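Order as written gives the chain letters A, B, C and D; numbering starts at 1 within each chain.
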Amino acid sequence: MPKKLTKLMITGFDPFGTEKVNPSWRAVSNIPDKIESVEIIKQQLPTVFDKSLEKLISQIEDKDPDAIILTGQAGGRHAISVERVAINVNDANIPDNENNKPKDNYIFDHGPTAFFSTLPYKEIVDQIRNYEQIPAEVSNSAGTFVCNHVMYGMLYHLHQRNKPIKGGFIHVPFLPEQVLNKPGKPYMALDDIVKGLLRAIKVTCEV
Amino acid sequence: MPKKLTKLMITGFDPFGTEKVNPSWRAVSNIPDKIESVEIIKQQLPTVFDKSLEKLISQIEDKDPDAIILTGQAGGRHAISVERVAINVNDANIPDNENNKPKDNYIFDHGPTAFFSTLPYKEIVDQIRNYEQIPAEVSNSAGTFVCNHVMYGMLYHLHQRNKPIKGGFIHVPFLPEQVLNKPGKPYMALDDIVKGLLRAIKVTCEV
Amino acid sequence: MPKKLTKLMITGFDPFGTEKVNPSWRAVSNIPDKIESVEIIKQQLPTVFDKSLEKLISQIEDKDPDAIILTGQAGGRHAISVERVAINVNDANIPDNENNKPKDNYIFDHGPTAFFSTLPYKEIVDQIRNYEQIPAEVSNSAGTFVCNHVMYGMLYHLHQRNKPIKGGFIHVPFLPEQVLNKPGKPYMALDDIVKGLLRAIKVTCEV
Amino acid sequence: MPKKLTKLMITGFDPFGTEKVNPSWRAVSNIPDKIESVEIIKQQLPTVFDKSLEKLISQIEDKDPDAIILTGQAGGRHAISVERVAINVNDANIPDNENNKPKDNYIFDHGPTAFFSTLPYKEIVDQIRNYEQIPAEVSNSAGTFVCNHVMYGMLYHLHQRNKPIKGGFIHVPFLPEQVLNKPGKPYMALDDIVKGLLRAIKVTCEV
């Protein structure tokens, strides 16, 4: 029987672009500090290339979690999207929060083309749908902005350090308040995003 | 100063088509029986041409409300949609719950082409957006199925009886649980639908 | 046997809002001057409240057509939308081309709430779908901007003059070139819009 | 100055799922046999895991093209989607044309996680948009069905054989005739898909 995990890190981003809130951090900050026997470490990351990854890696080294769930906003998506893969490219359509806008750069020059998530992404999706009755899906692209950047960078880091810990990324939709002037854009209630992330934590930690 | 309303009727429908729930009735049944000084009369209507209207009118005559808010499911809509107008046509694309599927019939042979809602629909939309931060919009079509049918029929009835009471229709989106296997279809959390209807009641009754 | 029609007027609008072209006029100007035995009168209308209607009515009185098909752009719609009904309201969300932005005004103070189209809208939709294999639908709302304004105004005029001629409105989607920077917005090729309008003319004139 | 290419292979698929046509092959079969000095080799592939790839590779070895553009249908996409990356997974939601439905298998057990396209995908997208005025975009996911399967398999094959030839994948939307009963689904006219592919060939071959 696999050992149950005891320390999970979950991150969210600060707002970017024209948005005043980021549903990922809003949801993460609503997660309790302890879920059953698992200690939850919550961390906000800046929506900035490189800095986000530096902060994440320093936190991983400092806190030494057993599993890591990164979360971010995916404006335009209908469902909680659990990412399958991160690719080795930075290709921004809008500037990050320090005005960087890399185009078609590698994240790591000699890194592999991609890494698969090591979270149980299918099981997370199934349980969010079945137990929470909330729209969720496996996504095959985390984009090419800061979300994919930290997902790839984290998986590369864990691979380099040979750390066999579970890690991956979950994208969440806009909140209702973000789409008031975006007719037709999908959104999800904060409560449902939080329920989805709690379920993801439970599946990941098998609690 | 206009007299505040003291008795409001709000209706929802039973499930129809391939759906197992109807968010309109789910939401209405969560509305309290009294909001400030206003008595709330909740009524489920069958998703059946004519029968729905007969039941509604008999309830109106029996309960004599000061205002009437009809609600129904609008699968595919992103926002709480407060209807502006009902038109004199039954034109079903799917059968109702007793297998009626009228095509291009008048609701009342000698009725006018349309009636405008007499609810304060603009103010309802504005307050749902501003105070509840929930997507809401004025809609210019209640469709041509049972929702439009009861809206038109009620407004025709009130007009015939010369009853100067406020009446109209609010469409609500699918619930999250209804779209699990409808990728890309919009939905709204039940809590948010309820908040929207509560706000509509308050605006209508000026409480 | 009904007399076949011999003179049809078809109109389109000039560009409005932030658009540089209007697919309705682009398509109308590609319609030939004669279709079988039917003379086609093509007329551009300004996207301006009142002026559009004045121009249309003066053209109707001058040219005395047997049928009138008004067309306009419906950005955001997926299909050729043949309108069923026009309502007695001007309610603009953006300014027209002379900076008018009426809010919740009647088009005619003592006009009825709505007029149904007198075009064979169901048959037009069926034939566009079946013979041209192009997406088409009956629409139950022409909006509350200049398109609905001229549709209502024309039907009111024909009704007042007791002219038993067929008249109605067809909305067409954006062109591909209009959505290059509107990700996810639907569009239709100009050739297909033209084919749809030609079919609508043939159905209306029974040629 | 780079040598201009003289032989380009372009493939499309046969229809799959509930569809009666496949816009990719419909478009490819409309491409001429010669474009300026470039010989065009057109090949239909079966929508079947493994068989599609075996046929493709045998054709590549037989015809020895200088560049390869694979195309396929992406129902639900609004734009011509030039793929950036293929991933090492077969994960079907519907059966292929021989009833295979692999779930979460590797395409090649010891293959890398992903390969980037070696087509000039950004330039193709830019030129389709600027010169043809047709919606086009870089896509970061070719899915996990047969399209991604042949794209990954081809890139793996070229990499193993050390063949420095350009290769990649272009997804095209449904045709209008395919969405008549799929309200709201995006589509593109066949002429426009053909224009987009012709432009992609010209960019790839620098003619």
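Basically, a residue touches a chain if its C-beta (ideal position, glycine included) is under 8 Å from a C-beta of that chain, and two chains touch if they have at least 3 such contacts.
The chain list, named the UniProt way, goes like this: A, B, C, D = Pyroglutamyl-peptidase I.
Because the structure is a prediction, the values reported are computed rather than measured.
Taken together, chain B (Pyroglutamyl-peptidase I) and chain D (Pyroglutamyl-peptidase I) share the touching chains A, C. Ranking all chains by how far their C-alpha centres lie from the centre of chain A (Pyroglutamyl-peptidase I), first place goes to C. One rotation lays the C-alpha atoms of chain B (Pyroglutamyl-peptidase I) on chain C (Pyroglutamyl-peptidase I), and its angle is 180 degrees to the nearest 5. For the pair chain A (Pyroglutamyl-peptidase I) and chain D (Pyroglutamyl-peptidase I), the distance between C-alpha centroids works out to 30 Å. One inter-chain figure worth recording: chain A (Pyroglutamyl-peptidase I) and chain C (Pyroglutamyl-peptidase I) are separated by 48 Å, centre to centre, where each centre is the mean of the chain's CA atoms.
One simple way to say how far apart two chains are is to compare their mean CA positions; for chain C (Pyroglutamyl-peptidase I) and chain D (Pyroglutamyl-peptidase I) this gives 39 Å. Within chain C (Pyroglutamyl-peptidase I), residues 184 each touch two or more of the remaining chains.
Looking at the complex, you find that chain C (Pyroglutamyl-peptidase I) touches chain B (Pyroglutamyl-peptidase I) at residues 84-85, 87, 89, 104, 112-116, 122, 139-141, 143-144.
Residues 78-79, 129, 133-135, 137, 176-177, 179-180, 183-189, 191-192 of chain C (Pyroglutamyl-peptidase I) are the ones that touch chain D (Pyroglutamyl-peptidase I) when the two sit in their complex.
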